[in-house]
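Chains: A, B, C and D, in written order; residue numbering restarts at 1 for each.
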Amino acid sequence: MDYQKIIDGLHQKHSKEINKGKVASYIPELKKIDSNKFGINLFTLSNQSFGAGDYQEKFSIQSISKVFALTLALKEMGEKIWKRVGIEPSGDPFNSLVQLEFEKGIPRNPFINSGALVICDMLISKLKSPKTEFLTFVRKLVNTKDIYFNEKIVASEKKHGFKNAAHVNLMKSFGNIKNEIDVVLDFYYHMCSMEMTCEELSKSFLLFANDGIIPYNNERIVSLRVSKRINSSMQLCGLYDEAGQFAFKVGLPGKSGVGGGIVAIHPDLYCITTWSPKLNKKGNSYLGFKALEAFTTITEASIF
Amino acid sequence: MDYQKIIDGLHQKHSKEINKGKVASYIPELKKIDSNKFGINLFTLSNQSFGAGDYQEKFSIQSISKVFALTLALKEMGEKIWKRVGIEPSGDPFNSLVQLEFEKGIPRNPFINSGALVICDMLISKLKSPKTEFLTFVRKLVNTKDIYFNEKIVASEKKHGFKNAAHVNLMKSFGNIKNEIDVVLDFYYHMCSMEMTCEELSKSFLLFANDGIIPYNNERIVSLRVSKRINSSMQLCGLYDEAGQFAFKVGLPGKSGVGGGIVAIHPDLYCITTWSPKLNKKGNSYLGFKALEAFTTITEASIF
Amino acid sequence: MDYQKIIDGLHQKHSKEINKGKVASYIPELKKIDSNKFGINLFTLSNQSFGAGDYQEKFSIQSISKVFALTLALKEMGEKIWKRVGIEPSGDPFNSLVQLEFEKGIPRNPFINSGALVICDMLISKLKSPKTEFLTFVRKLVNTKDIYFNEKIVASEKKHGFKNAAHVNLMKSFGNIKNEIDVVLDFYYHMCSMEMTCEELSKSFLLFANDGIIPYNNERIVSLRVSKRINSSMQLCGLYDEAGQFAFKVGLPGKSGVGGGIVAIHPDLYCITTWSPKLNKKGNSYLGFKALEAFTTITEASIF
Amino acid sequence: MDYQKIIDGLHQKHSKEINKGKVASYIPELKKIDSNKFGINLFTLSNQSFGAGDYQEKFSIQSISKVFALTLALKEMGEKIWKRVGIEPSGDPFNSLVQLEFEKGIPRNPFINSGALVICDMLISKLKSPKTEFLTFVRKLVNTKDIYFNEKIVASEKKHGFKNAAHVNLMKSFGNIKNEIDVVLDFYYHMCSMEMTCEELSKSFLLFANDGIIPYNNERIVSLRVSKRINSSMQLCGLYDEAGQFAFKVGLPGKSGVGGGIVAIHPDLYCITTWSPKLNKKGNSYLGFKALEAFTTITEASIF
């Protein structure tokens, strides 16, 4: 299949489309981005890269980082992590705090904010130097040193992150946060502030298309079983309240972030990443979602 | 792969296991079943059938019938059905009524009771003789005339179905039920009361492993696209509040019923059905879930 | 105090006011009323009646009837009724179904619809001829035979009462409704359809200002203790989600109905009733609430 | 009426009763109290004091302080405070966070924790030296200098107050908290840590029985209208989820605290305070509630 042609076509077509999305406004620093940026990259297990538009430009990966955190936690601590975080979809966002209260401080899954905060708390307890080791881990997946946290984004999120503070305090009241509130939030915001390109994101997710093994150096990060489980958790919980729509229309496991990125995985073949900062009403990239739907429709790609 | 040997082994192993499940008690007629029944069947696209235990014995398929209803509705009315029912996981059962109220009578997906009731309402509006046509449709999928409703089960469910009546009345108050309450409930309970064997269920689900085409007669029921979407909706919503666990541990799309049946689909290969009446706390067959998890672990089968 | 002068003044002043309320629309029959009707009546324990405007015209008392039902239930069965219905305010209407589900089918109080439906269910079990005996009971309180159900209203409510049907079915699923659904709803709708004038309503509520005794014939209906408890339940739960505002601004126990009536009780002195069909956003009479607030401000009446 | 005899009798009778309550455990410092303490005091507008048991011993008044905060806020800022806090009962505690989220950070009333935190936030913005001025205000009501905060209790609450921190962060995310999180919590915990005797509490609440005027020096604190409104808000929201039961069984406005105190007000006559540290399941003093119910039954006192 001529992926380059398909991707070029999609980029061209969707660039002209009227974009009904809006840039995330709750983090002031994120609003400064040029909202017309649009990149697509597909990276195969056979080390081929196909890109279009701004696919080599860095952007804030935000919630996509939760997949790295989950993977690192599973690598370091194994499946016992599931005692402190669930694996079911979360239903409506409206319910998030009440569910957390009803379920005694155990978040529904590792991709809602409360779940990622618990994963951060575990990594803080486990790692000597959590932020550095997290960065090193992601850099290794991509085989580059050129990945950094953005301290301005961290500062901006801290200044406006009262809802996350509400969640972490509620969980601590139930005993499901072990470290200091501020330390957990600091790690969480750093992780979310990481900046990567579409191409780097595609590359970093290849291990999930490759049964848990980094393709370029054949290092096993997690077992085949765990790798498939990470994919299944992305499929069920990776796009907030649009996980169903994404499974339905795109048909691949994926993860989105409010920076406008979405990564999707085709097991045994490739990863594909889109970036466009304007978000739809559910908080996922408006153009990115459409481009991925068009891509799997054209290529008839689907895990189902 | 020697499926017969694997299935025999699983049947033998799990038959000896202590079954911590309990037969569904809210429908008195269902309680009369011999709770030690246990059957497994795998049916391939190449028309091979592998069975163990009580795989040729009829049982009440209950919610598994919701997949037939959805498929028939998509066949008859196309994707406009999604205006009246969603496609997202439902979160906690505790929230079901409040979600329905909050979302103005639009059920989250076609596999929760309220969603299936809306699908029934659509079929009643569309079909001349809904119950007969529904039965005919399922019989065709299996290529048999030997499938029937169980009127005793229907009567028993009607006598105790006040919660379903609450849901359908709430939806009617929002205008999302067009027909008479009693007519909708009558069709719904008939559909759920249908009795089939493991082997018949595997066979009837083969179209979903075959891009929407019945294998034995090559009749297309739904498009490839719709077929994949039905699979994705099963993956995300097919096992109630254990959809995440099922995706995580079994890794295949599937649908369960409180009669103790579970059907799972491996695209392009086969369907596999288990039956054991005792249910776990989430309302899914205790042994069936375990047997399917073991099966996909041994065979390394997974869509992810 | 010159009640006649005060009431005349209030009637005059508020008649000129721009009425921001709207007539209840969910019962089509109720919409047929002339929305400019406005009546006030104050009836004292010393048998004096002061009226202004349409205070001798019949209107649909709707939820005000729930006080009669509660009183009759307490008279017939005593305080054991509290095993099946609570006495706490209900919070937001949004929560009504979820609270009912969370609290296992026990309604929060006898003045929300679900609570009144349980009271109806109890009266049906207890009385030989519930509708007739209910009518007889209310007629006795007023010392008149001229009080009737309105069968057109009953028919109209039945035709649109799917939400009430949802509540009663949910409660029956928890075992807190003993009689047939249709029988309970029929009694409930008859009770709500009763038509009375402001003056009749004031008179009928005098027993609550008189420690449980009907003033005109000195018949004790309930004990002093029970009478005070009925007043307290009206104070806390009598005006739906505006109970707090009503206690705060009016300062007397009271009960409203969607027909536009509000009755308030000044213990040891009088009852005062207003009627104006247009309702505020909380479902209480817009003018009536304002007139009562003005009345207690002028007279400095308050139980607090 | 011989109040001394009645109170002695109640103290004697209830001292012998088996106390099914439990001392509040979530604030470790509070657990150190002798759980058998039991005091009652009634203080009249004519300056008579009737006491029994430990009525002159200091204890932690906890949430009773919320009445002082509300009164001081109304005195300083008037009724505009109601733009940031409601006046309706809150329903189930289970809903507290979801209600706060649903209602955009506006707490239901000033006596739930979130409401009191907003009142604290207002006082911090308004007063130069909030803690000192608050202490001065309460001391004036009692005409004593012998009232203090307990810094050990403050420290203990801060160490375990993650749920309050969750609430205040959620409200800040909605813009309904203007000051720093830590400053608000510090003032809140100081206010709650105040220690007073039953007799001091009765005396301090006399203004609410006296139309807003301190009896001993005739200083008006709030208007008659505001005084009655404070009473009505206590009646509807003063005993958490037992406000309905308290209105029903005791029949007077009142306020409780987890330190085991309850104050009740009989307008125009007296205030009565009980103290017994063991709490019932709703968080109100087990013995205190029973003693007050017995007191109003014997004396036939009720506002209703």
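Here is the rule we use: a contact is a pair of C-beta atoms (placed from the backbone, for glycine too) under 8 Å apart; a residue touches a chain by one contact, two chains touch by 3 or more.
It should be emphasised that the depicted structure is a prediction, and the values quoted were computed from it without experimental measurement.
A.B. asks: What chains touch chain B and also chain D?
C.D. replies: Touching chain B and chain D alike, sorted by label: A, C.
A.B. asks: Which chain has its C-alpha centre farthest away from the C-alpha centre of chain D?
C.D. replies: Result for max centroid distance from chain D is chain B.
A.B. asks: Could you put a whole-Å number on the gap between the CA centroids of chain A and chain B?
C.D. replies: 32
A.B. asks: Just curious, how far off is chain C from chain A if you go by their C-alpha centres, in Å?
C.D. replies: Here chain A and chain C have centroids separated by 55 Å.
A.B. asks: Any idea how many Å lie between the Cα centroids of chain B and chain C?
C.D. replies: Centre-to-centre distance between chain B and chain C: 48 Å.
A.B. asks: Multi-chain contacts in chain C: which residues touch at least two other chains?
C.D. replies: 94-95, 102 - these are the residues of chain C that touch more than one other chain.
A.B. asks: Just spell out which pairs of chains touch, all of them.
C.D. replies: Every pair of chains in contact is listed here: A-B, A-D, B-C, C-D.
A.B. asks: Okay, in this complex, where on chain B does chain C touch?
C.D. replies: 94-95, 97-98, 101-102, 162-163, 165-167, 169-170, 172-173, 181
A.B. asks: Name, in rising order, each residue of chain D that touches chain C in their complex.
C.D. replies: 86-92, 94-95, 99, 102-103, 108-109, 224-225, 228-229, 231-233, 235-237, 241-245, 247-249, 251, 253, 267, 297, 300, 302-304
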